[in-house]
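Both of the next two complexes hold chain A, though its partner changes from chain B to chain C.
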Partner chain A sequence: MKKPLLAIALLYAVFSVTAPTTVLAKDISLLNVSYDPTRELYQDFNAAFSKYWLAKTGDKVTIKTSHGGSGKQARAIIDGLDADVATLALAYDVDQLQEKGKLIPKDWQKRLGHNSSPYTSTIVLLVRKGNPKNIKDWDDLVKPGISVITPNPKTSGGARWNYLAAWAFAQKKFGNDEAKTKEFVGKLLKNVPVLDTGARGSTTTFVERGIGDVLLAWENEAFLAQKELGIGKFEIVVPSLSILAEPPVTVVDKFAKKHGNEAVAKAYLEYLYSEEGQEIAAKNYYRPTSQSVAKKYESQFPKSNLVKIDEEFGGWQKAQKIHFSDGGTFDQIYQK
Partner chain B sequence: MSNSSSSQYSNYQNKVSHSRATSEPAWIRWVLIITTLLFLSLFLFVPLVAVFTEALRKGFDTYITALTDPDALSAIKLTLIAAAIAVPLNLVFGVAAAWAIAKFEFKGKSILITLIDLPFAVSPVIAGLIYVLIFGLQGWFGSYLSDHDFKVIFAIPGIVLATIFVTFPFIARELIPLMQAQGKDEEEAGLVLGASGWQILWRITLPNIKWGLLYGVILTNARAMGEFGAVSVVSGHIRGLTNTMPLHVEILYNEYNYSAAFAVASLLALLALVTLVLKSFVEWKVARNASNNEHNS
Partner chain C sequence: MQFKYTKFASALLATGLLSLPYSANANDSTELEELRGLVQELSQQVKILARKGEINEETGAAEKKAAPVIKASSSGFSFGSADGKNEVKIRGLLQADHRHFSDGANDVRGRSNERAGTLNADGFHDAEDTSLLRRVRPTIEGKVGGKYGFRFTPEFGGGSASAVDAYVEANLNPAFKIRAGKQKSIVGLERLQGGGDIKFVERGYVTNAILPNRDLGVTVSGDLFGNKLNYGVGIVNGVADGGNISTGTEYNGEREYTARVFATPFIDSDSALAGLGFGIGGTWTDYTGEKNLNFTDTSSADATRNGLPSYVTEGQQTFFRYTSNAIADGKRVRWSPQANYYYGPFGVIAEYAKVSQEVSLASGGSASGGGAGSSTVITPGTNKNLKHDAWGIGVSYLLTGEDASFKGVKPKQDFDLDKGGWGAWELVARYSEIDLDEDTFKNAAGQYGAEGSGINSTFSDLTKSSKSAETWTVGVNWYLNSNAKVALNYARTSFDGGALAKGLAQTTNNNASGSNVRDRDDEEAILARFQVAF
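For the complex of A and B:
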């Protein structure tokens, strides 16, 4: 009975010596709670910001990150995951921090430029090499026998953008006929064999497990899969109409204040808008909002016809209520 | 209905008495053995080999780099901390509970047994959510904890709590049948000869159950280090801070960092192998002790 305990104690002692435990007085620790596909982006950006902040103030800042489905992450922050900044997939999830958690002021979205979205993206279709099922547009996804991969809109921000993009397409196609639009999206969902909780889970399902003919994906996630995971194995199909996805960022005032991190958290988000921050975003396949950087990377992003959430759906609050709340169109369609 | 089943039962009994398992024809025995081996190799051995080949695919250097990465080290450290707290606590609790249940009669005993089994019956996800509901910012004690700057969930205490919860029954469940089988004659003899409660515990009860106890500790430790579901809910997934080894494996896998994911997974697999070896050793010891006792009596 004594031996395993002793062994555990010994192992623990060894690891506590070898694991770096550098807790110096001037160290700042910042927690960024983000959504699923931003892992690579923030890995690069955190390193750049640490360097910038060290040069500017002499303080060493270590940024910790947590990633997951956007809705799930918002829920965790409301439950007390004490993020200094939240960088989520869509405005509704950030609104929840205000409504359910009282963690941020009501006018949070006006605090930073471009509706607090330093980078944007859109939804594209990722297909296997040579496009064997000949998928060109949203129309092709409702055909029988096509297997579509998308995450669950209840937990994933990307999935909600996917859903709305399909909805916007159908609405236009059927001249705002709601019944026909619903039927179209319903047919599309019937072709989905598995709903993962986050965008990254869906990408893994499609890329690694080889399930599905087409992945509805963030543009950045599709580029990543195409250029870094399976070179030449996938092709991006730009649909005739898609949605402009604006993933917003905010300081979580209540927690940042508690940690004494207000200034550095604000600077962290502002740095996303800087030349370097925008370059990093573009290199990670997010569309930059800065004109000059956008121009520089113009050729990287396909030209697409993008509708805006505010114009097409009357903003996220309304879209969420109509489509994704309990009993919304998603529930009506999916439970059929 | 009851008639037919009882006649089936007597048929079955007839068959059993006619042909005992040991007198089955050789080919049946071989078919059974080969099926079992095939099944085991397909579902246990092949995945195990796969974990290690994937882990070492990019060479030993990558393997070591993956394990000495600061985030990996912190995950290993957190896993060890959680186990180092959960195992001793459950050891004390398990012995106390088993002692009370096996050696004493009291009201509500069956309720106590049911409660001890609860973590087996409850899904680990629910176990995690219970703690979120109690200690989360919107939960019962949320604002109190927040005002006093004490973090439970999305921090180490929550992970330890969740680990304790899921490993709660292992030791008690291991000891109760053993202690019941041993009876309380020896303890009563000790009492009659004037031993105090502590003396009875240390000199009679604990030596009698030590191998069963060790077995329980091994199982508890294995589960504590491998737990995913409950810990995942309360962790918050902050790298280098609140990630345990199983969570770290998932993160690495989701980052397309397969060799690193499998490197950490191979550590967990190694732990499983060590557990199995220890477990076999303890079982062998127990069997030997039992046969010795039979000889003596």
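For the complex of A and C:
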């Protein structure tokens, strides 16, 4: 028994000394499971990261992306879609990866800067050219005859941001009177003729199908619609109050480890915070968290009065429970 | 869907416009504005309906993708997850057989304890016609997590229930699969062919007599080089030749090691050799005979008594038995070269197997067990290494032009009286034989003998058991469809030895020269089967 072990040790020693020191380049495949409107952002960013990683390590990395409603995407990962990284619309959906899937550690949000949100956004109102219904603020959305397009908060992260932005506005307007706030949001939802499952679906409904007078949209999605999907056909209306949306990112540790992709997955997300990553985010109409890049693109993003989820709603866990869990305010209002 | 709504909208608009009294002479701007508003509102409603339709379709498609999949087909019934990683299949095999013997005996000469009634003048009972359920095997098999599987196949044929297959497996990689539990032995080619796919009603001597059937243990197998080379290795409990271990029992403390490689080097080519496969399998174990002595006290011998087999004909009639005090004691080595070939409707399968089995004789034993009332011990100096071998070659030809294969036949046209289909028809023929070591019937001095003859250091009696059997089989298979098959075989078996010379009293023992031996009468059997498998 000892002789074979000795022989193996000798062979190992010989190969260790004589083997060429060059390391073979690897072909790496990485899966980023993201929310609906990030298609264009990650198309650009993936190309940049692949180039960066090839230059840095010699390894060719191919990044596949999957897009859909943020809540649906989180459930898909929990059900076994083996994402190396998740770049979702809101922290609650990422929390689910820990709570229901045990796929990431509890302190996932502390692993990267700005609570693991490399870019932010907000919710704006996108109206048709000339603003024919004269929509200026959330108040206008509850008027009879106004058709509002927003996705379903049960499946879409963007829809939850929309809902909370409207709620925050009404809460302020009615001095924290919950009944009146509910009534306000209820009226708004009554003006919604169709609920898409994701933000990109709602953009399609509004932009391509020509339905509705106003689209409640991520700021980046509204810019995209205005400047690329329907040039000159839409206008952005910045409401008097909106919400600071912080889409978080995380390595899905369990799957990245399984694929041997831990290092590259971590580097991929860290690169979102780099100068180039932030530039790409800004060019795709996401608000950069880097001060220098934010200053460079200052004029692109209108100044807004933005409430924060933690301050206004006590964080995503609480907001989810009160508003979007079964029997929450959304169910109460929408089922009426 | 959208098109329908658009048409609907057009109809509505047309109806609305025509019905409005001011449509033709609408000069009033207010009325025009109202009209425009109405049109826009209708247009929005139509678009909303169309969009809802789209969303419903998208949602339906997404739900369908995630919905459990239920399948019912000629391959069986299954239900599983949408991603295919989790699945349970229900399959089945039922074979109703009839055996008709125009000639032949049902056991070795002088064997009276299996049947009631008096032995005939030659010391045999005739082989009797019988109808039986040869295989009644429902199967539940499945996988969880994509890689981990199980199979459970009980057997209700043959008058009692038992587990034919019961194993779990991990398909970690096409080149590395682990299976643990009761399973088919990996060694024999025809054995690995499914019970519903075999070309003949019964398998040949290589499979049925020499090589193991099913065993308990762990096997590792896999496909290498793009499925061009299949390998398998196993550590199992070990069973006697042709043996089928019962679950949860261990005959002997020793392990048996099994291995097989099988190559199909031209499988990806378009050449005539694409259907060629060949390989070799083998087993090795070393029995310490003393561990088996408890089993020597039984007076009712069975097929695997003392670690030794009995051998049967194609009509499943026993023609060879060891004497009751013979015992497996020492090494047992089997090896089996094997090949098959399929080209268009033509198929051939050929196998050879040889077993070297060390055997000793035991003496003593309790009186109640039929022994001498003393401790059972192995008789010193009785050990022999007996070498038996068998081979066979079977050919098949599908008259209706279907492609032959190792697996079942899918008829080009199912049997259907209304539509005129006749299913698939196949002709089959096989020659197979088994030859036992002459030393099985002799003592160390080269004398034939038997229990009670005074020459008792032999392991069998040539006036009772045959030392070889040769069988010609011809037949026809009718595949009514992928699931139903009718098979008809005629098998003629001739023997060497196995009976007492004519004119001698049945109480006569074999003599030292074996001159009072004659050949057992030929067996002629017609074997018929109706089978349903899914």
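The definition used in the following text is that the second predicted complex is superposed on the first by the 311 of 336 C-alpha atoms of A that agree within 3 Å, B and C clash if a C-alpha of one lies under 4 Å from a C-alpha of the other, contacts with A are read in each partner's own complex, and residues count from 1 in each chain.
The rule is short, and it goes like this: a contact is a pair of C-beta atoms (placed from the backbone, for glycine too) under 8 Å apart; a residue touches a chain by one contact, two chains touch by 3 or more.
Note that this is a predicted model, so its numbers are computed, not measured.
Chemist: For A:G80, select first, second, both or neither according to whether it touches chain B, chain C, the two together, or no partner.
Modeler: After superposition on chain A, A:G80 lies in contact with both partners, chain B and chain C.
Chemist: Could you look at A:I211 and tell me whether it touches chain B, chain C, both or neither (first, second, both, neither)?
Modeler: A:I211: touches chain C, not chain B.
Chemist: Regarding the shared-chain residue A:G232, is it in contact with chain B (first), chain C (second), both, or neither?
Modeler: In the superposed model, A:G232 contacts neither chain B nor chain C.
Chemist: Go through the superposed model and pick first if A:P132 touches only chain B, second if only chain C, both, or neither.
Modeler: neither
Chemist: With both complexes overlaid on chain A, does A:T65 touch chain B (first), chain C (second), both or neither?
Modeler: Only chain B is touched by A:T65; chain C is not.
Chemist: So, does A:G327 touch the first partner chain B, the second partner chain C, both, or neither?
Modeler: neither
Chemist: Is chain A touched at more residues by chain B or by chain C?
Modeler: B
Chemist: According to the stated criteria, A:V194 is in contact with first (chain B), second (chain C), both, or neither; which is it?
Modeler: second
Chemist: Following superposition on chain A, which residues of chain A contact chain B and also contact chain C?
Modeler: Shared contact residues on chain A: 80, 201.
Chemist: Across the complex, what residues on chain C touch chain A?
Modeler: It is residues 44, 47-48, 50-52, 55, 58-59, 83, 85 of chain C that touch chain A.
Chemist: Which residues, counting only chain A, touch chain C once they are in their complex?
Modeler: Counting only chain A, the residues touching chain C are 80, 147, 193-197, 201, 205, 209-212.
Chemist: Per the contact definition, I'd like the list of chain B residues that touch chain A in the complex.
Modeler: Contact set of chain B toward chain A: 70, 73-74, 76-77, 80-81, 83-84, 87-88, 132, 135-139, 142, 146, 149, 151, 153-154, 210, 213-214, 217-218, 221, 236-241, 251, 253-256, 278.
Chemist: Flag every residue of chain A that touches chain B in the complex, lowest number first.
Modeler: 1, 4-5, 8-9, 11-12, 15-16, 18-20, 31, 33, 39-40, 64-68, 76, 78-82, 100-101, 200-201, 204, 228-229, 258
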